[in-house]
């Protein structure tokens, strides 16, 4: 095979994925995504790179599923996994940023009670409450 | 409070929820849902009732989230929980029945690799392969 | 079928389940259960309703298993699930309220080490320590 | 400290725990427990030893919780963990052997739907169905 | 930034990662890895690509941890996750291929009983038994 | 069988296992292990005993796997289980104490992203960051 197998080529591609991922991450998560990357910088810069370049730059940006749909799947997964409160915070924010309403998010977490049980549904819903409150959306929700 | 607190009232409501749920279950899962209920009949008829009357009759039919969106959340949860292969089979069928395409389902399960890890994503994708194959959709998928 | 299929009928049954559940919840959890419902009121009143009306009003009150036995099953489940510390707090309190002794609760959590591993057993036992301490039962336990 | 620190002492205690455990295991699980130990003999005899000597000989035989109560906790844990179908088979048998009725077991697994979600409750209930059927208890259950 | 942002560049890097990953996968898993990729080909070729190009081509080949050490971590993770029997089969084979002995693998799975509980340790050990048996290593183990 | 079946014999063996375990625990975890035992003393002294005498005195000290290798397996398990942050803290310290470098620990947790997904890898890495920081190892890591 005649592909250009130089380190430079791989390094360029690595940088491209990172840039593409950071663009997606910023569009979806605003400052929250960047904060995670920054927090990882002094302990595992490579994990930070993979979050940006692979999770967002390779996977998230694929055209086969709308960002809104990806967030629905993601909310389901994070609720089911348990113990992922920091990620639920990021992704409930992201869900709002890509167009899901507070009502749809609350309904998705209510739906999770059927499949994950009441405790995980309640835990996830309390994260939603905190996010909505921080964004001044709780009154709309309750009204 | 002056509500009609007779057993008959509760029994009627219980029957109504079951009928509403069975209608939803049949619309979404076709024969697969009924088969689960039948299999539970001689060991735990009440669990069968709750699946129909509560999960479908009370929760699934709520208008706040489209059936297609509920399936996206559900696929995410079942993939993350692990060990729910029978339920993934039912709900990948259901996902197709409410309008998700094979491409969207495959993409949702690919997306799950980021949050649940490769093994659970692979296990769920093999269930999708079996369901698609049974429905003659695998060639379309691969084409 | 000739059942009275009016919304009023369903609404009455919904209210009945809620009242029956709230009575059970208050008997078992005292103020703790109400606090969870109140916390959910501005973000997901329907999840609060389901906790009361379904989990307690439909499921918990069934006569087939004594409240004490339900708590033993529940402590096992919450310990195994992991990440359910708030629910363990509520249900260790509930276990005491329905007649399990501190010794039985501690022994059940010790037993969980065999099936869930040491870390989850230790995490659950620290919640028991906090609950016992709040109720002035830790000295009895240690004596 | 003047304890008799010879290997013989430890070896005797190891043998004692094993004998005590095997007695408990046989009383509770009949042939099923022995079968697991035999299956482990050629790959991990030490794991077989620990199951007998520690899980049963040290932990299970403790007087602080009745065998029946231990099985209630265990059914809850195994249902919640997921992917423990072989162990659920052994312990649903054990539950019957120590005096839980089929109705109580079915009710405990129904109760698990509230905390673990419907899929895990259904999966565990199907194991109960198989065990009851093998023991000729399914008709009683359904009658 | 003046990197060569052409699709060709990205496509080349994508191919390079895949080739590097396939080389690693073949060295570690022999035919087993290829079989998983082949099975994914008609349902989710992209998941197959990510397994090879990302999991192996980007992550596994990193020099910071020896292949033998990666397998120890991986055996721990797969045992803890539960429901990952197919992956345990692949990775117990891989562990043998990169130099772990049957005794070390058995000991690692015994160790897992402490952290994951007996059921998951037993389930993983039965997969090891099958793999050892297929490779004619069970007699050595038992001798 | 003619073994000395007196309580004294069992009590001696119990004490021996505890002493052997405490020696191992202190060597590996320093003060952290003792702190957990102390915290359990007033609620579940038997769980504290089992952690020391069984987990460390019986299992950890077995010669079949080097302490360093046991920590690699353990880090994998605790990351995969989720919700075991206190134990990850103890065992990342232990990993450093038995000779794993910060780079190897970070790489093991990066590797976990492939099998457990990004969220659990990130959560575990943040515990590593805290431990490294407390031990003044974070600058070395970042340098």
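We just call them A, B, C, D, E and F in the order they show up, numbering each chain from 1.
Criterion: a residue touches a chain if its C-beta (ideal position, glycine included) is under 8 Å from a C-beta of that chain, and two chains touch if they have at least 3 such contacts.
These numbers come from a predicted model, not from an experiment.
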**Prompt:** So which one's got more C-beta contacts, B-C or A-D?
**Reply:** B-C
**Item:** Chain located farthest away, centre of chain C as origin (C-alpha)
**Value:** E
**Message:** Distance between chain D and chain F based on Cα centroids, please, to the nearest Å.
**Reply:** 27
**Fill in**
Here the gap between chain C and chain F, centre to centre from mean Cα coordinates and rounded to Å, is 32
**Complete:** Where chain F touches two or more other chains simultaneously, the residues are 46, 50, 54-55, 59, 62, 78, 81-83, 87, 106, 110, 113-120
**Complex interface listing, chain C residues touching chain E** = 113-120
**Message:** List the residues on chain B that touch chain D in their complex, please.
**Reply:** 36, 39-44, 46-47, 50-51, 55, 78, 81-84, 86-87
**Prompt:** Within the complex, which stretch of chain A touches chain E?
**Reply:** 1, 3-5, 9-10, 12-17, 19, 46, 50, 54, 58-59, 62
**Prompt:** Which of the residues in chain F come into contact with chain E in the complex?
**Reply:** 54-55, 59-60, 62, 64-65, 69-70, 72-81, 87, 103-104, 106-108, 110-116
**Contact set on chain B toward chain E in their complex** = 82-83, 106, 109-110, 113, 117-123, 125-126, 128-129, 132, 138, 141-142
